[in-house]
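Below is one structure, written out as structure tokens; comments come after it.
Lettered A, B and C in written order, each chain numbered from 1.
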Amino acid sequence: MGIRVIAEKCSGCKLCVKACPFGAITVTKKLARIDIAKCNFCGACVEACKKFNAIELIYENVQTVDKSKYRGVWVFAEQKMGGISDVVFELLGKGRQLARSLAEPICAMLLGDQVASAARDLICFGADKVYLAESEQLGVFIEDTFTEVVTGLIKEHKPNIVLFGATSIGRSLAPRVASRLETGLTADCTGLEIDPATKDLLQTRPAFGGNLMATIICPNHRPQMASVRPKVFKPVQRNELRMGRIIKYDYKNHTLTQRAQLLAVVKEAAKTGGIAEAEIIVAGGFGLGDAENFKIIEKLAQAMGAAVGASRRAVDSGWVSLPNQVGQTGKTVRPKLYIACGISGAIQHLVGMQSSEIIVAINKNPQAPIFNVADYCIVGDVLEVVPALTKEIEKIRLAEQDELTVTDGELESQLVSSGVRQS
Amino acid sequence: MTKCEVVIVGAGPAGIACGYVLAEAGVDVIILERGQYPGAKNMFGGIFFADQMNKLIPEFYTEAPVERFVAKKHYALLINDSEVSLNIDSEEHKKPPYNHSYIVRRSVFDKWFAEKAKAQGATIICGTAVTDFVWRDRRIIGVTADTADDDDNVLLADVVVCAEGANSMLSEKAGLRNRLSMRARCISVKEVIELGKDVIDERFGLTAREGAAYEYFADATPGMLGDGFIYTNMETLSVGVGVVISELYGRRNPPSPNQLLDRFKNHPCIRPLVKGGKTLEYSAHMIPMDGFRNLPRFYTDGLMLVGDAAGFVNNSICHEGVNMAMASGIMAAETILANRQERRYDARALRQYEHRLKNSFVLQNMKNSRDFIDILRTHKELLNNYPHLVQDVITSYFKVSDVPKSTVKRDISRMLRSRVSVVKAARTVMALMRGGI
Amino acid sequence: MNIIVCVKQVPDILEVSVDKETNTLIREGVDSVINPFDLYAVEEGLRLKEQYGGQVYVLSMGPPQAIATLRQGLSLGAERGILLSDIGFAGADTLATSYTLAKAVKKIGHFDLVICGRQAVDGDTAHVGPSLAEKLGVPHVSCVIKIHEVTEEYMIAERITEDAKEKVKLSLPGLITVCKGINEPRFPSLKWKINAARTRVEVWSAHDIGADESKIGLKGSPTRVVKMTTPQHHRAGQMLEGPVGEQVADLVSKLRERQVL
């Protein structure tokens, strides 16, 4: 792989200089020069130079694998205590689309101790086949043993694509597996597609803190591996009628080394109003001014039965704690409704919430980038708008409850006991 | 605790020159600089008299980042809406070593100079503020940086050189000087204005690396002790005014330094030179003006002061600062080298430093212009009446009219007699000759 | 204990922005800094050294300017700084990077622990740590938030997951990646700054570490960037006008229409 400038075609127009995201090109004496140390061979300059065709990428065709031998889209079925993580259902949804355009099967691999019952779930959620490895040693996640089993499975069955959730387990396991298999891995993909021409997997992910989107391929190695953050793709619907095969994997041929050992697990106290699972998120930003003002966000969230989110600056200022942070360095969320209050919308924040179904933005600066991603925009002082909105919501809730009281006394008491209505 | 032979506080021209000479002689020397890089804190963009530099690194100008050399000097009196000026445009000054006068930007130049000292073997540590001295038996034996309570932040040395610059807290802590009085400072405000090389060359009549230094007096700072200047960098102009602080704050409604600069830039004779430019940066800083009579002590047991920290700024018309700073740095280094064999750096041994200063242009020039500011202050006519008179004389003489020149001459001499006392003028000139310029 | 800390020089990501007209990164005035997570890695290495004795080496791969990052490591208290710099390393993805780092670690020789920051803020992959452990053939623990105990044979570390903290016993030699919150990085002291200024950062080429040319840089990278685009996340936002009362009422009715209220 290399890149070269064809001197006789180059006009020194500097279009390539502008196009290069890495600042690798300079033009001296009407000739473009590419600093190979800065170049990432992304081809942006080749694209920009279509008029002159003076820059070309040189591919060395190193076909290291016979691609035709690799078939199937696989999903690593992360589970905890037999419960499959939600991200797996999201990956199965996306994986099914990919498998369909390749006309290949979609499979899951499930590792654990006595987790066979979960294998059936994976089929209901779309897997054609489930590779099941069960052992006491696989009861808890340890990198060594899981790497051993996962690479063993991959080597034996040669999948074309393997997807992992970008969870703490996935992020620790996938690179180790890719490293052992000497293949490529792309982290935190937000888009996965099959290139109709080459049948390669086009993996899109944010780069430079979300300022740019990079599309990455793994042309000469198999399997193609990618990880995806939770909540990026939509989960598939469960279908009880689906059929599939469960294939037990006889890992016993492998000697499982275990150079690490889990000693203890301290569950974090279940966080109330966790943003990852919430259907509605009310998020506050630096525009609120101080910790005291941030409380109006909590009030609105409470009125709406929503979780509280925050921008990085609000978290850094100590108004709200880290688990509430949305964005590149925080969590990716995909609620039905996201209300951004006093958040200007730095790109790092936008990448974490832009796939929410409905986005409402409240900000005093009409130029704030948050308005570019919002469905409903209110230009105004958050300190006025948010309390007014809270009052309005509370009014509606009261009205609803009154209605219920009149029509159905039983339902009313249920609502009180389930905590929907505050007594 | 870390130890070295010499620690120098401040990587400006004085500190680096000192470190350069010491490192060249094989001394284990460490320079501590507060800024993130040498010159980081420095806004200086002006004339650099470089004969000391040239002695240290012969033909330095062939490799150093100097903007231009000074090919043209222009001294002007601004009066109301006109100017009377003296142009010095000498072919001699356009040949190496260019009369040792260069226009430099210190933020770039100091970095380069520091690299030269490093190449000689000096260690330069940036981002480190020295907070105090370490004393033993009333003698300075080192310095502490940032947090004083940690042994890892103490640096011991045989001798310390303080090249801290104008606001030297350390020289006060060493008991060598009192806090500077406001009277003894000049405030200088400056803008860097981008015009591009072509425009600058055309407006100032320059080619290649020729530069111009324009100095303005009288109504550059109307009614106040001060001056204005324009220096040509390669692509930009440094435009500014300096005024003695006591002049500014002795008034009921003092103009702000910015207002002074704006007024200067809008003078009908200045505006055409700076118009259409984009202001890239604005800065203000204090220049010490202790003058010869208020100089601090230059040394004590284990410590020498060099450069601005020692008040070595010439208040005369020549604005000599950097050159003197470097000279004093070099002399401090030479003093250390002379005493190195015996490793004796007590006050008695360091007295030699003062001798060197006294025998050099540094103190002699300071002495020569010892009364410059006072004379200007007490003889306000130098900046007010006389310039106006000169202008009136010249404009009347050159006025094109049908009045015969003989009549004009008679009118002029009548005007002179009515506005100037010959005796007083002679006295002013005498005073200036004695202790001003 | 001998500790190797891997560090990376990155653009100050919070300063990076995109030129809306040309769709390219605005790099002017963007400083290069040490990857913030790596500062925790260096600090943890130094603390272990101070507690258990031994030495800390800082190791990086990058262009010659990355010497500044290693100097920063030295000024904090590391004994040795090594930069892997070679035109052949250019264009490396995480696999080629971990291969290269592994070759360098093997050249250094004996080590008890490799510490990496959890991820670099420019790439955000969190791949290199685990991948390097694999290449070195040692076990690893990711996202370590606390170290409880270290002996010659093992260490007990606490890692953080989505919903729990897990105590893991890791046999040594091994590798850990560390998270924000594991410690509070120190400021460089004068003593170590002087040491840093006077210590030469070693620069090793591909040849120096005996790297297989087909496994480094672009050649050794299975993945390839084929396109860079500016993210498009425009929605046809509807501006709600009027006084606050009207804006709010309008919003509520719109949200009810769409059945989220």
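As a convention for this text, contacts are C-beta pairs under 8 Å (C-beta built on N, C-alpha and C of every residue); 3 or more make two chains touch, one makes a residue touch a chain.
Owing to the predicted nature of the structure, the values given are computational and were not obtained by experimental measurement.
> Identify the chain whose mean C-alpha position lies nearest to the mean of all protein C-alpha atoms shown.
C
> Most contacts: which chain pair?
Result: the chain pair A-C has the most contacts.
> Starting from the Cα centroid of chain B, hunt down the chain whose centroid lies farthest away.
Centre of mass proxy via C-alpha means gives A as farthest from chain B.
> Using mean CA coordinates as chain centres, what's the gap between chain A and chain B in Å?
Chain centres of chain A and chain B, defined by C-alpha means, are spaced 60 Å apart.
> What's the distance between the Cα centroids of chain B and chain C, rounded to whole Å?
47
> Need the CA-centroid distance for the pair chain A / chain C, whole Å please.
Distance between chain centres, rounded to whole Å: 20 Å.
> So in the complex, the part of chain C that touches chain A is made up of which residues?
Result: residues 11, 13-14, 16-18, 22, 24-25, 27, 63, 87, 90-91, 93-95, 98, 121-135, 138-143, 156, 159-171, 174, 218-219, 221-231, 233-240, 244-245, 247-249, 251-252, 254-255, 258, 260-261 of chain C touch chain A.
> What part of chain C is in contact with chain B in the complex they form?
187, 189-195, 197-198
> How about chain A: which of its residues touch chain C in the complex?
Touch residues, chain A against chain C: 1-2, 18-23, 36-44, 60, 143-144, 147, 167-169, 171-176, 178-180, 182-188, 202, 206-221, 259-268, 276, 280, 304, 328-329, 336-337, 347-348, 350-351, 354, 357-361, 371-380, 384-385, 388-389, 392-393, 396.
> What part of chain B is in contact with chain C in the complex they form?
On the chain B side, the touching residues are 1-2, 4, 30, 32, 123-125, 127-128, 145-146, 150-155.
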